[in-house]
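Okay, got some structures for you below.
Two complexes, one shared chain (subunit A), two partners (subunit B, subunit C).
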Partner chain A sequence: MRTALPPLLWRELESLFFSPLAYIVLTIFLLLNGVSFGVALQVGNGAVTDTLAYFLGSGHLFWVVLLIWPTLVTMRLVAEERRSGTLEMVLTAPVRDGEVVLAKYLGAMVFQAFLWAPTLTYIVIIRRYGALPDPGQLFTAYLGIASVTSLLTAAGLLFSTLTDNQIVAAVLSLVFNVLAFALPASAPLLGLPWLEQVAAAISMQEHFVGSFSRGILDTGVLTFYAAGTAVLLIVSTRSLEARRWR
Partner chain B sequence: MAMKGGFTRGRRALEMVEGLGTTLALLGLLVALLYAVTRPAVRVRIDLTEGATYELGEQTLQVLGALEEPITFVSLMQPATDALAKATGLADAQVAAARYVNALMHEYVLASGGRARLEVLRPDRHPEQIRALVDQLHLTRLNLVLVRGPTRTVLVFLDEMVTIDPGDEDLQAELVDLRAEAPLTSALLSVRAEVPPRVGFLIGKGGPQIDDFGEFGVGLFAESLRGQGLDISTFDLFERAEVPPELDVVVVLGPTQPLGSAAATALLDFHADGGALLLGLDPEQPEAEDGSLEGLLAQLGLVRSKGILATDVGLGVGFARGLVPVRTFAPHEITAPIRRQRLFARFPLAGAIGRHPSAAADVVLEPIALSEADVWADRPVGEQGFGDFTFSEDDSELRGARWLGVVVEADEGGRVVVFGSSRFLGNQYLGSGGGQANSDLGIHTVNWLANRSDAIAPRVRSIYESKVELYEAETHEVFVYTVLLLPLGGLLLGLAVWFVRRR
Partner chain C sequence: MSEAIRIEHLVRRFHDLVAVDDVSFDVHAGEVFGFLGPNGAGKSTTIRILTGFLPATSGRAEIFGHDVARDSLAARRLIGYLPENVPLPLDARVDEYLEFRARLKGVATRERGGRRDKVVAQCGLETMRRRILGQLSRGYRQRVGLADALIADPPLLVLDEPTGGLDPGQRQEVLDLVGRLKGERTVLFSSHVLAEVEQISSRVAIIQHGRLLAVGSKQELEEAEGRQGQVAVSAGPDSSALLAWLDGHGHLAEIAGEGVVHVRLPAEGRPAGLLAELVAAGLPVDRFEPLTRSLHEIFLELTRTPVPASAVAANGSSA
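Presenting the complex of A and B:
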């Protein structure tokens, strides 16, 4: 059986890239990252490793962008189609639900790669002024961004399949992202060592500070994001399938 | 119709159960996979940075793997906050050093499989806990790591784990090298051991003292050895004719008084019984008429030169010419980390060590530290024993590489290392006044003498640090590009897409 993934993906990319809203999202994204990079240069005090560790790991604006943007990109993926009725057309076509979900997920990831790509030019700029960033650190930092974005995109997609109101989807997605970020960080307050260990193992912040922005590739961390993404995509597919059961 | 509806409902229910079942099975599989790969035995961490800063050596992994009791690393870092430290960049360098040390310990914890844990105590957040530790352990300064085992605690100071060039008015302070793995692993070995190796410093014969933290003492060296988990003490040979038998290593540094035949005999007996000796001898000290020190050296197969090694390469004059750089370290367990990192040492007012003409055939001498070839042995002038630090063109002074550190290997007896200087381990030369390798050479030597080769093996990390210094105009350029031009480009792209779509 031929896969319907390429045309579905193309359809998603068209809807993402040909929307004026996408470029407003891009503009604000670049503005925030530009400010974040400026702050990182100040915080790093000239040291490139520290600058990059802040810009791509421990900076406040970095986390604001990383937690909010997947929500903005995914909130309308299914909810809007459901509201406008185009989802029914897609689902009655000879395509599998899994392919629909995967196409939406991949489309959102490609679009977010398009958002992050210009930030690589910041590296070109500091190279121009004589700095030599560590390629290993850069690679793992962007890999970390891709991993976290992947998980949060899959989560956003799931919430978008649950409702036909994109604002509700956005709120659910944002609450999930903020809790995923903040709960592990507040675990030490409870003073339970086992809980601290679990929190450290699933903490996005810890993954960045301990691995990604330090130049370390951790198979455990990567598997966490890959598995998390897979689980959320499977549940999203089931959520879409559930429409047939009603 | 009723039958058809019932059939469809049944099929839908079947699909639902199948869907739920598949989802649950997949979820179970993923959770199992996640659990499996986060197990320390399966989990792999690969350091992709240029200097592989956080990659643990094989020896460290073995030590961590063999841990039977729980170990806690307690980080007590307090970077300087005064205005001068901030102005010279020392505060930033210390912050970076502390971050490196904490990150490295994090790797230890991950690699330990739950047997080690890390506690980071900050003076601003945990003042009470820190005060309690300071009282309990009689700490005189912070910027250290406590490695705590079930029964023992070992201190590792920040300056043993990194080298910070303090800078000056013109040059900013900076981290020069990262070498925390060796002392941390050594500390792990120490807290694990029931009885730490005992090192005794001979006193009562003059020379630098281990409780002297001034210019001429060796307090910092002794403190570093304590930090390595070694049991440091002093002993004299006035009332007793033998070295305390519980000692594993005896250190004799720069005796200024005659050793005496009884003391020399005691040291030789200790060596013959398998005890290890570290001798740091300064060439200008005149030997007593009984020749006890020369006799001791001769028994070990060695002879020392009275001439002070000097170099006229560089801008130094007078005594400054007696500060000889040592860049050649022969392959040996002691020198392996120093060679790997291409560090250098500085030996002040040192003398050459050589093979005694009557040394026994089974005595093998391994020179581990050698001077440069431009060095000459300056002839002593007058009673002080110092020369004029000027090379004489006549035949009496010859240029050539000299042995400054020698390992003595013999069929019988304990390990022996002899250096042609005691001052290179002095407080003045362990910091910025000496070379980067002075401290390591001393510590690695004692660890080797105490049979703790695994405390030497972990390799030293090189720094991969690039700096970007922006002038005001350049900062402005960066701002214009990142905050104005790039976002504006995004907006223009959007307008272009909108325009094309509209047409």
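Presenting the complex of A and C:
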């Protein structure tokens, strides 16, 4: 079966990487992460494991970056193409709606991998000071970042298919991300034990505390993110098809 | 004759607005078909249904036998589509964009270079290949859109207002290009400018307020909608003898100019019969011309016909 995925993905990467905005985003991203890493070094106070756990798990700036970035990268993906009309050019070519959604998702993921990659240099910096980070902890920390980013990117993509205004898409996406982060954390306030259990199971913070930041691979947690991403991508495809009802 | 496009009872509503209202027509393979109507008549909506961008509310449409809703991918493979306003990604270069579109449409790797060279030459883009799309003039962007429509060598071209926003010289270039494609492939093109349609299309459909008003060749439309049964006659500089004869034989006639009389033929009457009678009566007939109306007059008259309020409301939609 012929697939239009490679050219679609290539086109996505071109428009993500060949725009000046990409490099402004990258600069701000590195700035924030640099500050975050500086704070992490102080918090860790020489203990590499604690520094890493803060920098790639429990730090405030880490979460700010993790929650905002998928929104910034995805907000224009479909909304802007709908507004400018190029979506019509793409969807009237012999391509499936699902291929368009998948290409946009993969493009956004590759771009965000590119944003996170420079943080690996911080690991090199830590090593220069003699302390050796635990490779397992490093691996699961980045896996955690990839998992959360994947889920929020798929969500951002869905919101981008709902409107032709990228600001509206960004606001919806950001509200979703903040609620997904904050609601499980505030569940204990209600004092319902079962609700607390549910909240802990879907809490991104808990996933980092219990698994990703500690070098522990939890297949249940990974399945949660994989399934969540898949469902959101399918809903995005349906939403793209739903242009028919507008 | 095989049909490139078959549209049956197509309806498209946007909420309570009827943008396309029970439209049916066929486009024969190999013909250049003009889709004519004032702005907002429902042309773009019909075209978007054909190209799979919008589904119909009811009714159906086929591209070379492939249903546009149920067999959308197969139908889309056969169409080269130029949307109105030619939306292009502004950051890509002409060559890169055409390469992307060729890949998207599944043109084989080894054929892509050749296809690209061919459409670039066809559309007069040789000097623009390295230019960024966002920097191109309206006329060149239109050409890039056309080159894109042609790149996969589709048997059917669907061009939505291909001359919109162009100056007269550019319009003529686009029309010449479409004219050169005649016979090679089927072309459906929409326009609100009658002269363009008249110039290059073999058949036309006229649509207004979402409703199809007429379909056929120019000749068929003129015969169907023309001033049937009237003939302009002159018999010498003085028309009094002619008028007297016509009056005496029960023909309705009126003076239309110096020496020229318009004669209404009796129902079922043939012009040749009247001519034979006039000659037999010894009148010096030096002009005898059945009257027709130009497509222009037909178009104006059809599109001026008052329509029900419900259809007028539909005209306000983004048809």
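In this text, the second predicted complex is superposed on the first by the 244 of 246 C-alpha atoms of A that agree within 3 Å, B and C clash if a C-alpha of one lies under 4 Å from a C-alpha of the other, contacts with A are read in each partner's own complex, and residues count from 1 in each chain.
Throughout what follows, contacts are C-beta pairs under 8 Å (C-beta built on N, C-alpha and C of every residue); 3 or more make two chains touch, one makes a residue touch a chain.
Just so you know, these numbers come straight off a predicted model, no measurement behind them.
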Touched partner set for A:Ser84, first subunit B, second subunit C, both or neither: second
Which partner, subunit B or subunit C, touches more subunit A residues: B
Which superposed partner A:Ala170 touches (first subunit B, second subunit C, both, neither): neither
Contacts of A:Ala141 with subunit B and subunit C, given as first, second, both or neither: neither
Which superposed partner A:Phe18 touches (first subunit B, second subunit C, both, neither): both
Which superposed partner A:Thr92 touches (first subunit B, second subunit C, both, neither): second
Subunit B versus subunit C as contact partner of A:Asn45, first or second or both or neither: first
Partner chain in contact with A:Thr223 - subunit B first, subunit C second, else both or neither: first
Touched partner set for A:Met204, first subunit B, second subunit C, both or neither: neither
First, second, both or neither for A:Ala108, with subunit B first and subunit C second: neither
Residues on subunit A lying within both footprints (that of subunit B and that of subunit C): 18, 244
Interfacial residue positions of subunit A with respect to subunit B in the complex: 17-18, 20, 22-24, 26-31, 33-35, 37-38, 41, 45-51, 118, 121-122, 125-126, 129-137, 139-140, 201, 210-211, 214-220, 223-224, 227, 230-231, 234-235, 238, 241-242, 244-245
Touching residues on subunit B, where the partner in the complex is subunit A: 12, 15-16, 19-20, 23, 26-27, 30-31, 33-34, 37-38, 42-50, 53-54, 89, 92, 96, 103, 106, 464-470, 474-475, 478-479, 481-484, 486-491, 493-495, 497-498, 501
Subunit A-touching residues of subunit C, taken from the complex the two chains share: 14, 48, 51-55, 73, 76-77, 79, 81, 83, 85, 87-89, 91-92, 96, 100-101, 103-106, 148
Contact set on subunit A toward subunit C in their complex: 2, 4, 6-8, 10-11, 14-15, 18-19, 84-86, 88-96, 243-244, 246
